[in-house]
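Common to both upcoming complexes is chain A, partnered first by chain B, then by chain C.
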Partner chain A sequence: MAGDPMTHVMRCTQCGAEAVINMPQHRLKLCGDHLVAWTTKMAQKAIDRYELFTLEERILVAVSGGKDSLALWDILHRLGYASEGLYIHLGIDHEGYSDRSQDAAQRFADEHGLTLNVVNVQTVYGKSVIEAARRRRGGRTCSVCGLVKRHIMNRMAYEGGFAAIATGHNLDDEAAVLLMNTLHWDGHYLSRQAPLLPSIHPRLARKVKPLVLLYEREMAAYALVRQIDYVMQECPYAEGASSIFAKGILNQIERQSPGSKHQFYLGFLRARKGGLIASDASADLPSETCAQCGQPTMAGGLCAFCRLWEAAE
Partner chain B sequence: MAGDPMTHVMRCTQCGAEAVINMPQHRLKLCGDHLVAWTTKMAQKAIDRYELFTLEERILVAVSGGKDSLALWDILHRLGYASEGLYIHLGIDHEGYSDRSQDAAQRFADEHGLTLNVVNVQTVYGKSVIEAARRRRGGRTCSVCGLVKRHIMNRMAYEGGFAAIATGHNLDDEAAVLLMNTLHWDGHYLSRQAPLLPSIHPRLARKVKPLVLLYEREMAAYALVRQIDYVMQECPYAEGASSIFAKGILNQIERQSPGSKHQFYLGFLRARKGGLIASDASADLPSETCAQCGQPTMAGGLCAFCRLWEAAE
Partner chain C sequence: MAEATILYHDQSWRVRSGMTVRDAIIKLELDPQTVLAVRNKRLINEETLIQPEDEIRLVNVISGG
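== the complex of A and B ==
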C-alpha cells in the first residue's frame, strides 16, 4: 500500500511491484499486470451488472482508432467474446485524421487476427461527412456526424447479424454528457442515458457501453501497458466542444473529492432505478420505414440520414 | 444598448444613463436606479410565482448582517411588507465577526425605523455555538450552527406570531446547494429544495426565499447602490466549505455560457414540477413534542437542539 520512502516509487497494492497508476478513488495503486487484470474485471462487471451481452452473442465493436475503442476491442477479445470491428471513415482530412485512424484500427485487427469492417462514407455515399454537414443548412458537423455513424452502425449490425454494437464510452464520457444534460435538466436524455440501450426494432441494434465503470485515465494506462498503437489526436471538430468543457469541470471536482465522477454517474443510474428520476422505458417507437434505406423512422418518407444526402446534393 | 465607443462607458438599456452592472444572462445593462427597480421587481416576481407570502402576513427576516439578508429586508420594506428582523448572535469572535454583524443589522433597522429582534446564543443558552460544537462529539461547526439557527428562528416566529421566516438565499446559493445534491443524487434534498417550504406544524414556520431569482452579483450591486452598510467578511468557519467550491464551479460554467446558473436552478424546479424528479411533498411529519422546549421532534424525549446543550454541558 505504502510508497517506498527512500525512492518515492509507487508500489502495487496487490503485489508490491512498481505501480504504473494511482487510483485514489479506489484506494488502489497497480502495476501493469494488475492494472490489465483489474480493468478487464471492471469491464466484465459492467457486462454482467447491466446485462449487456452474453458469450453466445456476436458483438460489433465501433472502433475509432483511439485508445478507448481499441482497448475495448482488446478486452472483449481477451474475455473470449465473439467480435468484429467497424471502422467508419468519415473523410476528415486534418493531418490525415481519418486515414491514420483507419490504419491504427487495421493494424490492431491484423495483429490480433480480428476482422475489421470498413465503411468509407465518401466512397459509399459520394461525400464525406464534412461536405454533407457543410451543405446542409444549419447542420453542425458533430450532430451530422453522429447521425451518419448511428445509421451506418445500425446498418452494419443488421446486415452482419450482430446482437449488439459496443462503443468505447468511458466513465468520463458518460459523466460529461450527464453533467450537460443535468445543467439543462433535459428530461428526454436524462430518462434514457444508460450503459445499455435495448433494441426497439429489428433494424436498430442494441447499444452497449462496457467501459462505463472505467475512468479515462485508466483506459489510457491500459492502452499503454498493452502497447496498443492508437491515434492520440482528437477529432479536430471536437475542439471547443461542450463535452470537453464538461470533462474539465468534472476533473476539477474529482481532484477536490476523488471518486466524484464515479459517484455522480453511478449514483444517477441508481437514483433513476430507485424512482428519483423518471425513466422513459417506452422510448419513441419508430412507426414508419424509410422508403429509401429501409431503416425505421419516426416520420413518413425518408429517414433523417437519407434526407441528409438529398439535402447535400 | 450599445456602449459609448469613445469612452467605453456602459449605458443603461432602459434609460441610457451610465450603467453600473452588465447582466449578459438577461441581455441587460442597468444604471443604479433601474437596477434597484429591476431587482425589486424580481423579488416581487418570486414572491408571486412561488406564493411565498401576502401583504397581510407578518414576515420575520433572518438577518446576518451580510449583503443578501439586509438587501432582502430593504426590498421587503420598500415593497410594503410588514416585517421584523431577527439577528442571532452566534458568539463568533474572529475579528469580532458576530458583534460587527449585529451592529450592521441594528444600524440598518434604526435607519429604517424597523424592529430588530436579537437572540444572543451565549446569553440565552449559556454557551456560544462554537463552544457547543466543540464539546459535541463529531459535531461539525456548520451543522451545529444550522441546527441552532433553525431552532431559534422557529421559536421566534412562533412566539412572535409571524407567518413566515424569510432568508436571503440568492440564486448562487441555491444553485450551489443544488449542484452538491445533484453530484450525490441525494434524493432527500433533491425532492425538497425549494423557494418555499410550507409549515408542517404550528411551531415550525413556513420558510421562504424571495431572492432565488437573483444572482449574487446583482445583490451586491443592489446593496452598493442602496448604500447598505453591510459586513463583507464571510463567516470564518465557512472557509473551504463545499458550497464555496461549488459556487466557483458554477461561476466557471456561467462564464462559458451566461445564464447557466439560472437555467440550472429554475430548470430543476420546472423539471420536478413536471415529474422528471420525484417530489417529496409528504415530508417527514414530526410526531413527538420535545419534553423541554415544546418544539416538535421525530423521536421521543428531547429534540436535537435540546440534546445539543445537554451534550455540551
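== the complex of A and C ==
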C-alpha cells in the first residue's frame, strides 16, 4: 500500500528541510546545502589538522575525471586555494575510458575557469601504459599505472613549482589500504600511510590527501548535489581489485556498527602518531639520481620509470 | 498495482511503489552503503517513498584502483 509521503520525510538535522543523506556514524541527516557546507568544513579540518598546505601555496590537484578528484578540486577552489589540475591520459581505450575521463576533467576546468594540465602518455612516451605493462616482464597493469602516475605527478609538480600534489583519496580508500596492509602486517607501508607525505627531495613533491575524513559515500553525494559531471564508469582494470574487496568487507562491518571505518582509520593515525608503528624514514631516502630523467632513485643507473620505457622499446 | 522503475548500470527493474528506496535497494540485493538514489537529477534519501511511475537511478559510490 502506498504510504503518505509527508509521514516519511527524513529531515535535515540542521535546518529541517528534506535530507538527501543519512550519516548515522555522525548522527547527522543533511539537506543538499548543509551537506555541501559540512563536507567543505571536513576537508578544511583535514587541511588544518594535518597541516597539509596553506592559502599562500600553489597546489597541483591530480584529477582522474572521477567523483573524488573533481569534488576535491571543487572544494579547494571554493575554499580559495590556488590550484591547477593535472590529468594523465593513460591510453585506456576500453569504451573510450581515458578520453571520456579527460573530457570530464576539461569540462569541469572550463566551467570553473581553472587550468588543467594534460599529459598524454602515448604522445609523450610513445606508448600507452597498457602497452608498456604488456611488454614488461610480469608487469601488472595497475602497478605500472601507479609507477607512471607517480613519476609524472612529481615531474609536473617540480617543473610547475607547485608546493604539493593533492589526491582525492577518501576515508574508504585509506581504510581499505590499511586493512590490506594490516592483513599482511606490512610495516613499511603502514609506517608510510598518512594524509601527508612530506617532500624528502626537491624533486619529489609533498603528497596530501584532504578528503581523508570523508566517506566515499559522502563524496559521491557531494558530487551529485554540486552537479559535478564526473565519469561514473569504473576503470576496466579495477575489476576484481583487492581494494574493492576490502571496501566490501569494511562496509559490512559499518552496516552492523556505524562509525567503524572512521574509528579504524583515525584510530590507526592516532596509534601511528603515538609510536605504535616504528618509522623507518631513512629506508625511503633516495640516494641516487636517474641518469636519464634526473629524478631521484634508490639505486644507481636508471630509475624504475625510465627502465620501464627502456624495456618497452 | 502502481509501479516505478529502478535503473542501475545498464539494467532496469520494475518495483512496487509505496516502498522506500532502501527497501528497493535491498530487494535488488544491493548494499545500501554502496549506492545513492537520484530522481529527476536530484539526490534523494533512502527513506523516500517510491511514487508511481518514478524513475530512480542508483549510483554506485564505490570505486577501486
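Note that the second predicted complex is superposed on the first by the 303 of 313 C-alpha atoms of A that agree within 3 Å, B and C clash if a C-alpha of one lies under 4 Å from a C-alpha of the other, contacts with A are read in each partner's own complex, and residues count from 1 in each chain.
We adopt the following convention: contacts are C-beta pairs under 8 Å (C-beta built on N, C-alpha and C of every residue); 3 or more make two chains touch, one makes a residue touch a chain.
Since the structure is predicted, the reported quantities are computational estimates derived from the model, not experimental observations.
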(Q) With both complexes overlaid on chain A, does A:126 touch chain B (first), chain C (second), both or neither? (A) neither
Q.
In the overlaid three-chain picture, which partner chain does A:29 touch, first (chain B) or second (chain C), both, or neither?
A. second
Q: Considering only touches as defined above, state whether A:10 meets chain B (first), chain C (second), both or neither.
A: second
Q: For A:66, decide between first (touching chain B), second (touching chain C), both and neither.
A: second
Q | Touching partner for A:236 - first (chain B), second (chain C), both, neither | A | neither
Q: On the superposed three-chain arrangement, identify whether chain B or chain C touches more chain A residues.
A: C
Q: Look at A:275 in the shared chain and tell me whether it touches chain B only, chain C only, both, or neither; answer first, second, both or neither.
A: first
Q) Looking at chain A, which of its residues have contacts with both chain B and chain C? A) 252
(Q) Quick check on the complex: what are the chain B residues that touch chain A? (A) 182-185, 187, 190-191, 245, 249, 252-253, 256, 260, 263-264, 267-268, 270-271, 274-278
**Q.** Footprint of chain A on chain C - complex, ascending
**A.** 2, 17-18, 20, 31-34, 36, 38, 41-49, 51-52, 59-65
(Q) Which stretch or stretches of chain A touch chain C in the complex? (A) 1-3, 5, 8-10, 18-22, 29, 32, 66-68, 142, 172, 216-217, 219-221, 224-225, 227, 232, 234-235, 237-239, 241, 243-244, 247-248, 251-252, 254-255
